[in-house]
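Chain lettering (A, B, C and D) follows the sequence in which the chains are written, and residue indices restart at 1 in each chain.
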Amino acid sequence: MKRYLNIVWDAIVPSNPVLIIAIGLCSVIAVSNSVQSALLMTFAFSLVMIPSNIIISSMRRIIPEELRVPIFVMVIAAFTTIAVLISRAYFTAIYDLIKLYILLIVVNCIIIGRAEAFAYSHPVLESFFDGVGMTLGYGWVLTAIAVVRELLGKGTIAGFQVLPATFQPAIIMILPPAGFLMIGILIGAVENYLRKKEGKK
Amino acid sequence: MKVFTYSPGGTHLEEEKWTKDKVFVSLQPPSVAVIPLVQHTGAPNTPLVKIGDNVKIGSILGSSPAPISAPVHASISGQVIAIEDRLCPTGAKVQSVVIKNDFKDEWVNCEGVASLEEISPEEIVKKIRDCGIVGLGGAAFPTSVKLSPPVGKVIDTVIANGAECEPYLTTDYRVMLEYSDQVINGLLIELKVLKAKKGVIAVEDNKVDAAELLLNAIREKNLENLIEVVLVKTKYPQGGEKQLIKAILGREVPSEGLPLDVGVVVQNVGTLKAISEAIFEGKPLIDRGITISGTVIKNPGNYIVRIGTPVSEIIEQVGGLNRRLRKLIFGGPMTGVAQSSIEVPVVKGTSGILFFGEEAFTMAPEEETPCIRCSRCVDHCPTGLMPVLIDHAYRRNDLKLSESLNAVDCIECGVCSYVCPAKRHLTDNIKKAKQAILKQRRIEAAKKAAFEKLRAKKEQEKAQKEVGK
Amino acid sequence: MNFGEYLVDLAKIFVSSSIINNIVLIQFLGLCSYIGLSDSMSSSIGMSFAVIFVTVCSSILAWVIDHWILIPSNLQSVLQITSFILVIGSFVGLVQIYLRKTSPNLHKAMGIYLPLIATNCLILGVTFINSMNNYDLVQSIVEAIGASLGYAIALLLLVGIRERLRDSDVPTFFKGKAIAFMVSAIMALAFLGFQGMIR
Amino acid sequence: MNSDMVDLTISAAPHVRDKIKTPHLMRDVIIALLPATIGGLVIFGLRHTLGVIVVSVVSAVAAEYIGNVLFRRKNSIKDLSASVTGLLLALILPPTSPYWMVVVGAFSAILLGKAIFGSVGSNPFNPALVGRAVLMVSWTTFMTTWVKPFYWSGMGAMSTATMATVTGIDAVTTATPLSIIKFQGLQPLLQMFGSRSQLYLALFLGNRPGCIGETSVLLLLIGGVYLILRKVIDWKIPLCFIGSVFILSFIFGRDPIFSILSGGLFLGAFFMATDYSSSPLTSRGKLLYGIFLGFITVIIRQFGPYPEGVMFSILLGNMVVPYFDKLRPHVYGVFKRKGEA
């Protein structure tokens, strides 16, 4: 069991897909202006990430090497369709705001990257936990950014008024510039951290 | 008189021409003269004297058979006491002949011609070379070479450069005032050699008196049809060869080309005087007019100084220093070279020697502050370069970018550094970029030549083998 | 809607996708290559052309599939994602093969960017935008041109600024990708000046 | 000779430098801004306006200091560039700006607009405008709340009654001429000021609602001409900017004189667009840059959601500067041969 926990933990912090590998940024910037969007995005992400990891892992012995990428894409596309249908059915209001980015999960580099780098060469159970870890890793960064942006930009968290009414929200935080800003600072911090770690070695 | 100028670029400098009204005074010959064997741009000379030889004023000390070269002569009479590497005003150590003065002031036999009719252009060029005449404006390019343009190049105009645009310096101004006849004669000699139709004497409009004097002399000699005197605006670097040509004739010397590519020869007025003396008196270049100025020298002025006189002797002869000497500059303050020793000798290209104390460090602060992109360097560059970008590229070691920014066209006038409010060392870095580019080009050319040679050799062998078959 | 109004409508689509709702700065599509390529002028120019070409062609293909196959057979919601990504993927592959065989020069200039484009979410994003807005074929093409041009504009502006920043004393903290994001933040801020120009 | 009389140092040519240094240029900018600053204080009263200016300058300098510490740079406060940014920011804020907002603006201007790109001269965007843009999109209400001139000094230039009846807005907050013309047309303005020439005069002298330092064209012109005469800025950018706004406004059927006198055009053209670091280096680049700014300004004023377009147009222009810089001057002796290029 410890091994599986390790896989999850590894994806949450030490090799976090968003922070360390810096991929899948489009959706992170786009939907991080509200916590609700971020949560729905994470949910939809998990609906694609985990099953496609499981399927690819279980079929890894029968997928031919040369055709693997198109097959990965097909699998991911199928699950994306499912995720879209579910999101649309149960979370219509939020879905309408961010549907483009949910559709685009199909080209999310994290998912296809894990299919190639992990699921295709690991057993099903490990791939499942990798999927869970990746979802958590993606989700917490996205949600954290969303909390900051929504709090400063609207004074609310997930729609609930948190800050006193006298607070004048900085609208810029929920507009595009702040998305770039937050990611810029985050990447700066991460790269700085990695550089220092490298330096110590 | 119409005032000509070039555009764009350039700047007005504080003139600081304190020695404007000081008549030339001859300094005493030095007790020891140090005469570098290379004082010109071109091939080095080989010594023709040995230690212990006695020489007279005008004895040839060294020469070279190379086409671009000029011999050097003894400037004092006495005994050769050493032939060794000595520090030169360029900052390099150069093989020099050291002569101990016997104070007999004996001359070698010098003979000139009485009139220009007696002598052919070829003889004139040879005489000028034998007398070791080089450009006295600073570049020290052998004059005989300038006067022998390649076949097919037609020279229509000779410009006498009296636009002494560097601050402090007044040598050329004094030459025009005190030796106007020689200047005009020198110009006539050049016109004859180059078969040029027109001579133009260019004088900056802060020296109108010199221009008028020259104009009167020309009128007296009835040379108005041949020689023209024009005023150019007082602006640095108006006296730059390329800027002068653009200002007066509206022509642009092509990149990496020479004035003769646009049918022009530009000659410093001091050089013209030396040419005139060489032809009519047979006098080799053994002394020259120099402006001695600066804040810490007691008696600034214009002096005729023998080539090879060390600065220490000059300081003593003109009355010493008032204060501690912190910066010694050969040439003008914009393009001159700061010296590390007061033992360096005067050479043919020395137009002025400036002495400064502590204030030198406020005049030119060493510390750089960040570039604020004010674009002053771009606005003032007389060549139309982007100094700030070349500087950035050089600091990043991006030679390719420097090259595409035309760094090699820099005339090293120093204006960009002068105007920079952040006091960045632009000129210095562009100069270094330029040198690095030229060096790389030489290496590439050499590589290519070697490669061609190898290929030719292989082909030859192949051909031989085939013949052998 | 008469023809004049239709033209105005096309112009609005174009201006909106290229400038006002710039696909990169306001809609965050194509960010990976936008940030990744923005330190080299020559590759961004190559990439810009490649993106414009592929986006326009893919949009046409996607539109045809959407309107001639998926909608008539009522399969849009189930098969749209899969068919779009397959179409674009195979189209890019074909173009690559075709270029390599027919014009090596063009392949050299554009070819290296093509594999990158297949995963560029901008292309797929534009096809989805077309479908969501129910654009007709001409509108889709105009949207595709506008969006990809908007990508090129944003990329080239960023490249220019990053080229300039090479000579600046950018703090170590922000060196590299981070400063590209910070510049983009201010660029997005400036683009907000156009917001609301078209309802 | 006494040997300690000689202690030579060597250095590269040139050995003389112009006396003008970076802080001198910044000081000149501050001097040039003084008329408009004082004008702003007179027009809008000392009560709150002075506070805005002081808070802005102080927090800009503080932000600069923090930036220096964060990014381990040499102390750059003495070069006065942060003070200039702080002053400029204050002048483009409404006189009613709350102090906390001014602080946020100054910190955004210095840290986001400048410090992260390197020291002075590295910022691709005008820092003061970055600060203002952040405030503008964040707190639009505060940024578009205006008071009548002399409201705080008690000598109402326009009668409160006229203002309220014409604009329908309450007596304290009012609208700038540009927003009136945008949303209500020219007629109310003419009613308010009497006649067209009176309107022009009021705009020229600064007797109108607006940002602290932008209202008086006369005082800005004095400062701008001072800077041009002192050769701190080039005439090309302001002239092309204002000129193209004039011409394009005319083409779009707007009153050209009103267009150049209103809004922040003069402040922007003389003091913002000419910011060294974020404007082009070459002459040709400057000419085109000015025209580009004018074009975008008119486009935003005509079609955009905001009545004023100067700020966004300069920020957009800043992004294009690297390309304007490619318009290099002719290099002496370098000719493009035929068949090349």
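In this text, a residue touches a chain if its C-beta (ideal position, glycine included) is under 8 Å from a C-beta of that chain, and two chains touch if they have at least 3 such contacts.
Just so it is clear, the model here is predicted, and its values are computed rather than measured.
The innermost chain, defined by the distance from its C-alpha mean to the mean of all protein C-alpha atoms, is D. Relative to subunit A, the most remote chain by averaged C-alpha coordinates is B. Annotation: C-D is the more contact-rich of the chain pairs C-D and A-D, by number of C-beta pairs in contact.
Centres computed as Cα averages put subunit C at a distance of 35 Å from subunit D. Measuring from the averaged C-alpha position of subunit A to that of subunit D gives a distance of 42 Å.
With each centre defined as the average position of its C-alpha atoms, the distance from subunit B to subunit D rounds to 49 Å. Here the spacing of subunit A and subunit B, counted between their Cα centres, is 70 Å.
Looking at subunit B, one finds that residues 370 touch two or more other chains.
Subunit A has residues 172, 175, 177, 181 in contact with two or more other chains. With touch defined as above, residues shared between interfaces to two or more other chains in subunit D number as follows: 112, 118-119, 121-122, 134, 137.
Shown here, the protein chains touch in an arrangement that is not a line, ring, star or fully connected set.
Chain pairs that touch one another, listed by label: A-C, A-D, B-C, B-D, C-D. For subunit D in complex with subunit B, the touching residues are 1, 4-18, 20-22, 24-25, 76, 79, 81, 118-122, 234, 276-277, 279-283, 328-335. Of all residues in subunit A, only 22-23, 25-27, 29-30, 70, 73-74, 77-78, 80-81, 84-85, 99-100, 103-104, 106-107, 109, 112, 172, 175-181, 183-185, 187-189, 191-192, 195 touch subunit C in the complex they form.
Against subunit A, the residues of subunit D that register as touching in their complex are 101, 104, 112, 134, 137-140, 142. Subunit B makes touch with subunit C in their complex at residues 370, 392, 395-396. Residues 166-167, 169 of subunit C touch subunit B in their complex.
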